Amino acid sequence: MIGKQIYNFLKELFPICRSIMGEGNRETLRLIQKHIPIKIHEVPTGYQAYDWEVPQEWNIRGAHILDPEGKKIIDFKNNNLHVVGYSMPVNKEISLSELQKHLYSIPDKPDAIPYITSYYEPHWGFCMTDKQRCGLKEGKYKVYIDSSLEDGSLSYGELIIPGEIKEEVLITTYICHPSMANNECSGPAVATFLAKWLLEKKRKYTYRVVFAPETIGAIVYISKNYNDLINNVIAGFNMTCVGDNNNYSLLPSRNGDTLTDKVARHMMNNFVDSYKEYSFLTKGSDERQYCHPKVDLPLVSLMRTKYGTYPEYHTSLDNLDFISEEGLAGAFKINKLCLEALEHNDIYENCITCEFKISKRGLVPKNWRSRHVDSNYDLKKYIRDMMNVLFYCDGKNDLIDIADKVNLSFKECYNHVKLLCNNGVIKNSRK
Amino acid sequence: MIGKQIYNFLKELFPICRSIMGEGNRETLRLIQKHIPIKIHEVPTGYQAYDWEVPQEWNIRGAHILDPEGKKIIDFKNNNLHVVGYSMPVNKEISLSELQKHLYSIPDKPDAIPYITSYYEPHWGFCMTDKQRCGLKEGKYKVYIDSSLEDGSLSYGELIIPGEIKEEVLITTYICHPSMANNECSGPAVATFLAKWLLEKKRKYTYRVVFAPETIGAIVYISKNYNDLINNVIAGFNMTCVGDNNNYSLLPSRNGDTLTDKVARHMMNNFVDSYKEYSFLTKGSDERQYCHPKVDLPLVSLMRTKYGTYPEYHTSLDNLDFISEEGLAGAFKINKLCLEALEHNDIYENCITCEFKISKRGLVPKNWRSRHVDSNYDLKKYIRDMMNVLFYCDGKNDLIDIADKVNLSFKECYNHVKLLCNNGVIKNSRK
Amino acid sequence: MIGKQIYNFLKELFPICRSIMGEGNRETLRLIQKHIPIKIHEVPTGYQAYDWEVPQEWNIRGAHILDPEGKKIIDFKNNNLHVVGYSMPVNKEISLSELQKHLYSIPDKPDAIPYITSYYEPHWGFCMTDKQRCGLKEGKYKVYIDSSLEDGSLSYGELIIPGEIKEEVLITTYICHPSMANNECSGPAVATFLAKWLLEKKRKYTYRVVFAPETIGAIVYISKNYNDLINNVIAGFNMTCVGDNNNYSLLPSRNGDTLTDKVARHMMNNFVDSYKEYSFLTKGSDERQYCHPKVDLPLVSLMRTKYGTYPEYHTSLDNLDFISEEGLAGAFKINKLCLEALEHNDIYENCITCEFKISKRGLVPKNWRSRHVDSNYDLKKYIRDMMNVLFYCDGKNDLIDIADKVNLSFKECYNHVKLLCNNGVIKNSRK
């Protein structure tokens, strides 16, 4: 159900031609706005963010190649990957050999159109399948790109969902990839539905959800929100490659030892058949900014199949068939489980010295302990688990620590804790 | 020899009908008193200890079942496990189907009488072998239990053996189990002889030896001695299941990292062929009180076969044949080794900068180092070990740390340290 | 090339008859002085150093054994191992059975002359191959040792090579072994050439290079330089068994966790096919003094085949054939790599928040990131490595930590850091 909703939304986002700046990005943000009340920010060309400067805005209306016989062999309308991102306008007739200098294809993947950009170096180019490229004949080709590069602004969306406390959980994703599904329509789509779910629930933490172009967008965002991020963010999740149904993957934070790493590993270990934890050295998404040592947020990526590790990556084969409702739903669920756990991840301590008298508090059938012979296995396990949870409520372990120690899922652990709290056996150490 | 002494004492304890309170417990404590000068404490019905209240005292004079032909098929005299502990008095004729509601047996163990109690819920019942139960015919049965439940007191024994310093080692065991041998006549029997041995030796630490009913007794004891326990106990040993000769087992403390855990592991690793270390999550004895996070004493159980892991557990098959002199002697020894090590587990430091001149101090034959060819292997190993011990006497490692680091037993390590101390090469850092 | 130079120098040192004190040691130090300006110190007989006293000086002019037929079967001139070190003078005729009490050989190694000394117990003796010893016939033997034991002095060489800062790196080796090649002409020979190299380079650290007899020499040296060593030495290397070409071995420091251990392991892991790390418990060289808990310098031995682990050890078979130019060069290199790394092992931190814009700083071809399809693998790996280094420049990790974290050699890591520093992307945290 949630998978279908996300998939349908992703289908709307898919055809739009996005880049780091331009109308496609604004259209994308407006579609997101139909679901959640993000605020759209515009940052003008020339804005300085640390080592970077917001470049000119790129917009494209159409592009094609005519072969020597005048036949349109490439049309931007068919696939926006056909044009190198940030291509300068061009309109001329050139020889095949001249054209080859502006063509991109992948010999190993003859049916894939590659995804190529040239944000900061003036350039124009076309991408096509290697199969098509190999069939090109000698002659004069007409190349036409109706694009513009002009002062404009970088657009990003931001939603602050207030909670009881000012400490924040950051959810970030990027909106700069054109028509590819896993990397990266899945990130904004799943992030939108996570935000939607958060808006409807009681929240302890404040949530900050950011939709920005990768790299330059993240850097601009950090530059405008540095102090808030540094002071408030207690956990962060980067949404990328959350659409396919093949694997689960974790990219930990820089040192791999934050609260977010802990909750991510717990959920992966408890709710997924298997997953792969990558080294931070294989980073490649916006953790390059959010986990930079001078920012150093506790941010991880809980992905399906990681960027760069599947053959369809950064090509036209990363399409709507590569992802699935199940894939999106699985990613949504694992990230949601982490958020839920963080909301309840408190530290508890015992109120009563020695074991409490379980029978008198109505938590179990009377006299359960004495008459083992009568006890059924489930009840015995239930009571043993409850008592094990109790023993690690010592004012030091948080609930994720306890769940890991007593071999329960966070939720089972939390259910015991709620019951014990309600019965006055333990209390929240922070209150 | 020590095994035989303990076994003979255990045989005296075995037939007595014990429960959490009652005359059987007092008789048990008086038998212990014949060996060691414990003080017997009485805590009246109604006493509040944290979440618990001392219940009424249970005493039983006899019990039986007559079958439809008037034949006595169950008699309490034959085995005190036949009556559910804390059974209310009863004297009536009932149908077999009514009787079945009050019978306990174990289908999987047709020859075993189970051990069942009902301390805090009014109830009566009989336990028998499943074989006998299956042979019961329809008809009227006469059930008779001549018991009483009246205000009285909970009895426990306590022996404080003073040492040079007020820091304490706690030895605790329980006296509430009726006629079962490993769990639990072995605990009180071994604890008695450990105390006897302690009384006769020079002691640094003060020793606190406690004989109380499980759970309620431990909780009452903690409630009456909380500050002393918390402030003084530096190590603790729970005596349970120390009678059979099948395995060695260790139940560590709550976090498994205390001084007691360290000495216990060292001794298990050095003096036992193999042993099993259980997770604290499998706790089931009085560490549930002494290791509760609000008490948190450094207490472990060094057992033979752990409660709950052998088929005879909590049945009439846990009898005098299940345990042995060898089993008791092995448990006595491993616990005694720990106590001996703790007594000598000091921190030492070097007095002399650089290696001392071993030949001039008469610790070895003259000029041993130079003429390797002459040295025999044992001497070379002896000197190497001595020097290795020396190198970790750095004012930080205690002797157990050093023994583990240099791959010696505590005793070998201590022998080196004594010699080095006597020769002025090292000194006790605490003095 | 360096291997040949060291080998040639070692050949000069090899024939000299050294012991803990005597003319042979002075001759050795004077040969070293031809390469590096060591200062030769003399410490008189009777000097007290902690538990030790400098003994009398031993000098020997000649020695032989004549068999019953008057044939010279042993001559000191042929091999200085033939005489037990520190042998008293003797000149008499004795029976074979009397002679046997003063003979040393190794039955397991029938062709080896053992290396035997008797520094602190008056004694005389001869060493020979077991083959020769077994062939001795009954009769009268003439034994002659022209030696002297008189008040004199212990000689050691010391070179302080000043650096920019007073923190020191210690290099120590010993000069008391007579004609054996790996243990121990290789140590002084490699140490000499390391010092020579250090003299010619720019240095941050001050270097202290010590050539002294083993044990008594090290102890005397420590006693005369205790405060300087304790206060200044940040890393230390013991040169022993650095001549053969069979293995690489590491003897770590006492607790195995110092800066020297870290750099040694890094270099072994990165520049050697395989190596063996021994336990400190197998210590046997001057770390017995420098790593003694009251001295506790961060000193390791990076060896080829460790003393005591090869059959030629401490016999005449540890000769010029056992070692090689390659063996010496390998040991020189691994120790030099450690020294080089220490010189540059600083802590760095980022100057720029978020990733710097790599293309604008000329570190890579323009727009490298966008057009993946164009990038060649080497460039991508180079940039990824640089960025990984950048991410661990956090003001906490030193460069060895970073190299280990990002799976680069120290040198590769340092090259990235230099470039990043020069471009203002990172800075040295200590400056």
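Order as written gives the chain letters A, B and C; numbering starts at 1 within each chain.
Methods note: a residue touches a chain if its C-beta (ideal position, glycine included) is under 8 Å from a C-beta of that chain, and two chains touch if they have at least 3 such contacts.
Quick caveat, the model's predicted, so the values are computed rather than measured.
Its C-alpha atoms superposed on chain C, chain A is turned by 120 degrees; the angle is given in steps of 5.
For the self-contact between chain A and chain B, the two sides draw on mostly distinct residue numbers; the shared fraction is below half. Between the Cα centres of chain A and chain B there is a gap of 55 Å. Chain A has no residue in contact with two or more other chains.
By the touch criterion given at the top, residues 49-52, 84-85, 104, 106, 114, 116-121, 123, 215, 218-219, 222-223, 226, 254, 280-281, 283, 288-289, 291-296, 314 of chain C touch chain B in their complex.
The touching residues of chain A, counted against chain B in their complex, run 349-350, 352-357, 359-360, 366-367, 370-373, 384, 387-388, 391-395, 405-407.
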